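To start, the structure under review is shown below, and the notes come after it.
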Amino acid sequence: MSFITFGEIMLRLTPEKHKMKINSCKSFNVDYAGSESNVASSLGVLGNDVAFVTKLPENQLGDAAISSLRWYGINTNAIVRGGNRIGTYFIEQGTSIRPSKVIYDRKNSSLSEIKDNEFNWEEILKNRTWIFLSGITPVLSSQCAKETIKVAEIARKMGVKVAFDMNYRRSLWKQPSDARIIFDKIFNNTNLLFGNANVLKDVYNISPEGDNKHDQTLNAMETASQKFGIDKIAFTIRDHVSASHNKLSGVFLSESKYYTSNTIEVSIADRFGTGDAFAAGLLHGVNKEWNDQKAVDFATAAFALKHTVLGDQHTSSEEEIFSIMEGNISGHVLR
Amino acid sequence: MSFITFGEIMLRLTPEKHKMKINSCKSFNVDYAGSESNVASSLGVLGNDVAFVTKLPENQLGDAAISSLRWYGINTNAIVRGGNRIGTYFIEQGTSIRPSKVIYDRKNSSLSEIKDNEFNWEEILKNRTWIFLSGITPVLSSQCAKETIKVAEIARKMGVKVAFDMNYRRSLWKQPSDARIIFDKIFNNTNLLFGNANVLKDVYNISPEGDNKHDQTLNAMETASQKFGIDKIAFTIRDHVSASHNKLSGVFLSESKYYTSNTIEVSIADRFGTGDAFAAGLLHGVNKEWNDQKAVDFATAAFALKHTVLGDQHTSSEEEIFSIMEGNISGHVLR
Amino acid sequence: MSFITFGEIMLRLTPEKHKMKINSCKSFNVDYAGSESNVASSLGVLGNDVAFVTKLPENQLGDAAISSLRWYGINTNAIVRGGNRIGTYFIEQGTSIRPSKVIYDRKNSSLSEIKDNEFNWEEILKNRTWIFLSGITPVLSSQCAKETIKVAEIARKMGVKVAFDMNYRRSLWKQPSDARIIFDKIFNNTNLLFGNANVLKDVYNISPEGDNKHDQTLNAMETASQKFGIDKIAFTIRDHVSASHNKLSGVFLSESKYYTSNTIEVSIADRFGTGDAFAAGLLHGVNKEWNDQKAVDFATAAFALKHTVLGDQHTSSEEEIFSIMEGNISGHVLR
Amino acid sequence: MSFITFGEIMLRLTPEKHKMKINSCKSFNVDYAGSESNVASSLGVLGNDVAFVTKLPENQLGDAAISSLRWYGINTNAIVRGGNRIGTYFIEQGTSIRPSKVIYDRKNSSLSEIKDNEFNWEEILKNRTWIFLSGITPVLSSQCAKETIKVAEIARKMGVKVAFDMNYRRSLWKQPSDARIIFDKIFNNTNLLFGNANVLKDVYNISPEGDNKHDQTLNAMETASQKFGIDKIAFTIRDHVSASHNKLSGVFLSESKYYTSNTIEVSIADRFGTGDAFAAGLLHGVNKEWNDQKAVDFATAAFALKHTVLGDQHTSSEEEIFSIMEGNISGHVLR
Amino acid sequence: MSFITFGEIMLRLTPEKHKMKINSCKSFNVDYAGSESNVASSLGVLGNDVAFVTKLPENQLGDAAISSLRWYGINTNAIVRGGNRIGTYFIEQGTSIRPSKVIYDRKNSSLSEIKDNEFNWEEILKNRTWIFLSGITPVLSSQCAKETIKVAEIARKMGVKVAFDMNYRRSLWKQPSDARIIFDKIFNNTNLLFGNANVLKDVYNISPEGDNKHDQTLNAMETASQKFGIDKIAFTIRDHVSASHNKLSGVFLSESKYYTSNTIEVSIADRFGTGDAFAAGLLHGVNKEWNDQKAVDFATAAFALKHTVLGDQHTSSEEEIFSIMEGNISGHVLR
Amino acid sequence: MSFITFGEIMLRLTPEKHKMKINSCKSFNVDYAGSESNVASSLGVLGNDVAFVTKLPENQLGDAAISSLRWYGINTNAIVRGGNRIGTYFIEQGTSIRPSKVIYDRKNSSLSEIKDNEFNWEEILKNRTWIFLSGITPVLSSQCAKETIKVAEIARKMGVKVAFDMNYRRSLWKQPSDARIIFDKIFNNTNLLFGNANVLKDVYNISPEGDNKHDQTLNAMETASQKFGIDKIAFTIRDHVSASHNKLSGVFLSESKYYTSNTIEVSIADRFGTGDAFAAGLLHGVNKEWNDQKAVDFATAAFALKHTVLGDQHTSSEEEIFSIMEGNISGHVLR
């Protein structure tokens, strides 16, 4: 019973002094992250057997990225080395009304320039239970798109379940229809879909009815389930109390029933990787064969808790997430 | 007119980058702290003559701990040197719904392994007005428990007043009854008791009636006063607006009357040492013979202000605390 | 079409670990700032041709201050070198109810000790459109007061428009009447006045009527316009939701009409330099000949956004400020 | 073909500002290290299959120590969790004539308090080629001594070769004879012995003749080989040009022949872990079946190069060590 | 009388903790540098009128690179904005025998992807005295090679003198003959050539005779002067006392005479940018019309002094370099 | 048996990243130091009863300076509070041939502006054995000169011995004769004089004969002893192996005999405060009534060891200095 995630891990550079902008900063904190590796690190910290697949250059930065994955207990044996460079991104952490900003410098990265047949998927997927894919990988290059579609097909054939997070980034796609064409092919082999109502609107122009975000989200999930023929879907909901305070919840559609978590209000320290924490939390619960309500409650607690941890990685333990799930959200000191 | 506090000062290690967890941190900030030394440092910063008594190992860490006490103007002459190690604790600073966490590594510390008669209390207490003790010291070892009970008795005999903060830490005691047996002996010589309604519930299973925290706290204090025969009691009250925002107040029972402070709402930067700041504030006021209302108002202003200062120590001056007490709580810049 | 600002740039030292007090800090962040240079740096970042005029000592600190101005694209050719020292100030960043504190150590600075005729104003002001002055410079020394009054006169004669921010600092002036005498002389040549209702109360004892801060501010502006004979006035309004959360707006009186911006609620990271960001924003808009409503909306968006950036400088681009102005204030990540 | 190392990994705390002493430091860098894990990390970085065996507490510090091992590609599956605390040490980095200092706080660590049969050695050693042990582990507790002797016996029986580094620490042993009794038992199953002439003098009072360090070292190795019946021995030699500059070499006795490396002069940045780098380098070469001269040349190049890297870990790649071995020691920039 | 330099300025990332390797580092210091901008910054710090020409992306990193140039007083008006990314490089600072390492990630940088006619050279070169070019720019792309050759031709026609530093980087060129073809074209318009004997050997396979580095360097310069028809040539000489200590000198061929500086021994803190400091020093002297001996003495003092300053930039003032030149090299404190 | 030192303690600011220059630095390390407080801190760390006398402003910087003194165990009760500012200095740490630089910004400091009779010397000197004064204090203001002369006289009358370190700073005195006039008055009451041959040359134009620095120093001491009538003199000797490596020794003239220490070669990390470490070491030995040879050996070991510790303060313990004195100067790790 184990997980694979596939995608790009990048060098992440963030101004050392928080609340400082890139245009006046003199020191960057260094991390290695990306949506798919974030899901892997979260699964690793939760104690799962998990491997990450990517391609990285044969230099010290590639070495360090691999070391960082190992730190979280991720198996890195299937990572291919070569190519020209590690994809890089710069983060300017926002606060209150000031948005966080991302500068991507990921073109010509080793993963984006893969050729056919660099990964031996039959070997990699052997004895795996789940593979996690995201909608970011296909936008990197046409070969990356083909590879993502291909690995989903192979997985389905081998009996490995496919989880797919749409993770639609407007700035990376030329137009929504480009994403639609690829997503539709992946949906054919998707067992579990992650996303939120905004993404459905952006990519498929689905504007669900409903008086509030919760009702709109359920309607969006219903539409998606029918349109894409996927019967397990998990969506997050975010309500804005203010720019620094959000109310968060999650909904899980499973075997035609909707399971909604409690709503948790957080003061936001870091929005990055919160969706990845939700996906990892749900996969963890589903893999442990928890009942659906427990799975979405756990995923939502992980989603909320990640907002309080700096960085892409969610390093909270299962015990810590359970505690939030049980309502210990007043922030008292634990001794 | 001067103070003594007695207890364990520990090496305090905290991830340098705030909002980072211990399991991924690469640098710790260094401080030396503990409930009783925090009370001492606060009293020192407020300009009082104060000494701290403990036992520390004969190495550079023991040297640094002593130097840190001197920084705040604390007399360290009565500190005994020897033993094997300095007690250590690691703090993971929480934020919003994420709780702060403490890993204690304090076993076999120099203080916990004291033998009989290492401290010459008659000498140490000479010409002192108050000694501050806490419920943490007795749990360190049976000799530490004996020493705490003994020093309270000697103090009473020498006319030195005893202030005692129950500071009950669930994780350190095997069972509440262990604490009860020791606390009851200390109460016999206690002039001034610090705590809150939760502690009374935890240790003595006292669940006071009342529609709100304020009423419950008054009832708890009334019960404690009668049950323990202590006529000066000061309790803190904490109401949760949210995980990051608390409303704080204090109540002082003195000569059978209850004095309640205003309520101050704070956005929390650091919960550690806030109770110690309250105790130091009240002792400062009582020692200055302020009227009881002023004493509890000052203590509560100190309690609230400490929530905005990182670290265990409360380094605000009397003037700064007065300003909060006078209602200057809008955070405008002082030039 | 270009700007000049004139005043003192100081060495700004701030404890490196935020939320740490000066009395226990071991490392200071270094910056160079001051109200007038903050206006210049903001104008520079917004892409304007701007120069800053001051006097700085002939040592590495003076060199670094000049380099820091150049960083923001400010022309430093008119800066005079000489004198004894750079003015210095220490900032203790507050949070929640704890106020920020400033220790000024600016006596005997190079600017404060200028003699007559050190600046060749006719040369400096040639081909400039606006000069920005503030009420801080005249308090530095009697020669600085004379110089400020003189440069305003020369500017008026040369057709360079004068913007003046009262920036009244209670701790620097002996008594309000000292400021009044000087301000009145500057008003004679002022085209655009910056301030807020509190300053008018402090300096001129003007207590405007009104049920709320907005109405009081309009009335204060009306009084000021008539009393001082200035027809362009821009004031900021600050309402306190709590110590950490303020509601901010701006009002611009221009050609006898009042233009009020939307109100923006922020969680405060740094109050320093926010008024300077407002002034720079308004000057930028006026200089671009935007309509008055757009100018005040832009200035208020800059004012609000600056509250989320650490440090005196406001380094947001025009595009970033426009985005806030257009209502993108939920803090979503921009990729 | 793979390695096991067994011993204690500790929390290593070092003043952040280099050349600062512990008694005035305010921030510690965090690492996890120990002689046996250093050998493992070096083998891991060199691309070997290597596992580390120890016992660590079930808390975030234990988690972080394990994560740090994984960073270097070390298999951590055989690590037992439990016990009370992680052993800790504090390092004061010396420079020039000032010696580095170590404060050990490792009593009652999880490894030192192991009971019988916590490790399933037959399982752990299966399919391994080499196990590396050191003379530090037996001094931790009598069970640790028994465990070290036992694992050497089991290894020998299973055909796993035993490498043993005497690593005699005067401050940890009560008297040399305590070490002798244990070392003699380990020697019975030792295939490859690491050390230097000083250690033989300290533990066995062997004072070899010779005009220089090189000759003395060869004579010491000859004596050791005959006395202990070990036919593979590798010793380091250190000559002092000055306190900051040492001349380094290595000698390998194999099949009755002595292979001496070149001498490399280094300016010393960090002496810690240099012996461990030598041991890892030699094991790497022997395991790759390089000829003996190449093995000792590689080990010595690794030994020398480690003096220029801060921290316990030697993270140089095989290619980097080869380059030093080939005489590229002028420090030119590699682009 | 003023300077232009043209080339690529890159984002330079260096592990924050010195003597730490990239594969285990968690924080990078941020700077913006490159051979040609280093020459510009040094000329700027020395008080010259200097402009830098390049192309940078329209994002915060491009903004920050420009700001960093302004910090040193460099005119940035001719910098073109656009393209995809800023070239990036990672530095691992060596020490003693450990070499510094550079990872270049500069492909597809904005400058490397320039098209024809992006720079208006006639405008840019107007009223300039010198343009500095280097052998790095032509290797970036074929258009960059064309642009470098072209600007040298235009300069010659406009009467702007051309200084050219061969700066041959083996790892960037496919084969020496590629460089030769381009260099030969630039030599046609070169007034002043920078380099050293090693570069002549690498590119032109010129192995000068001579018993020592000094004689070999003079012979190499003689050959170069005749072969390339350049009559002003300045070469550096580096002799290795040890890996950390070098003896440095410079030779200037001018009007058929050779001027050799004194030899200065340094302990090396940072080799980067030392050649650039030499070039800037010589250009500064030549531009000031110092006699040739003084020019080479100044350049060599700058060359030596740069070895003691961390980072690419040489920020020493003229006065500081004069002091070294006058023999104040014992390192006494200047108060 | 105890010590007093009197002088100015200043805010000391140093670029955080070592080997960085002030003109490009963004963060300063904070310390509080000065020659006389350095002697006090060293005496405190060595376990002596020591007090420091100065005047400091009534603000957080004054508070922090006092706290820093307490850290080292210095009694601060006699410090007067008031005046305008704390003297400040900026240090640019040199390395190899690059000199360290100091920017003083100490004018108008609280101590420099003292009036008559601010210190109650009879009270302060009661029961003290030694007072340490330096030649820096008299140059601060004419009242500071008077105060230094006066305190020496009072001390002599009260039987408190006077130690005086000439500490002549060329940049602070207008001309040597100004110093001579004051020094001569202090010499009348001096029991022990510190200095070196260079200072005698600078102030009194005494150029002693001798073939080497050692002989010249003895001759200089002989002249000084006769000319000033002081019979205890201790001088340091510094020989330059290179800019980074010095050979250090000390000479003590006592009861007409000269005691010369061994010579110790060091690689220099920080020259600041080394003379102060020598003075403190000698005073410590004299006060302990060690024989004269032991006293100068200890002082020289302290002098040499301080060169390896960053910062003004010498925080080595007596045991650490003894170890250097006993010849343990190879820099081996102490465990």
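Order of writing sets the chain letters: A, B, C, D, E and F. Residues in each chain are counted from 1.
The definition used in the following text is that contacts are C-beta pairs under 8 Å (C-beta built on N, C-alpha and C of every residue); 3 or more make two chains touch, one makes a residue touch a chain.
Composition by chain, UniProt nomenclature: A, B, C, D, E, F = Sugar kinase.
Just so you know, these numbers come straight off a predicted model, no measurement behind them.
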When each step joins two chains that touch, the fewest steps from chain A to chain D total 1
Min route length, chain touch network, chain A to chain C, equals 1
Per the C-alpha fit, the turn needed to bring chain E onto chain F (nearest 5 degrees) is 120
By Cα centroid distance, the chain farthest from chain C is D
For the copies chain C and chain E, the interface residues, called same if over half of the numbers are used by both and different if under half, are same
Between the Cα centroids of chain B and chain C the separation in whole angstrom comes to 44
Rounded to the nearest Å, the gap between Cα centres of chain A and chain F is 61
Where chain A touches two or more other chains simultaneously, the residues are 18, 21, 23-24, 26, 29, 67, 71, 101, 268
Chain B partner, complex, touching residues on chain C are 17-21, 23-24, 94-102, 104, 169-172, 240, 242-244, 268, 271-272
Chain E partner, complex, touching residues on chain A are 13, 16, 21-31, 59-61, 63-64, 67, 84-86, 88, 90, 92, 101, 103, 105, 107-108
Per the touch rule above, chain E residues touching chain C in the complex are 67-68, 70-73
Chain F contacts chain D in the complex at 18, 29, 45, 71, 245, 264-270, 304-305, 307-311, 313, 315-316, 323-324, 328-335
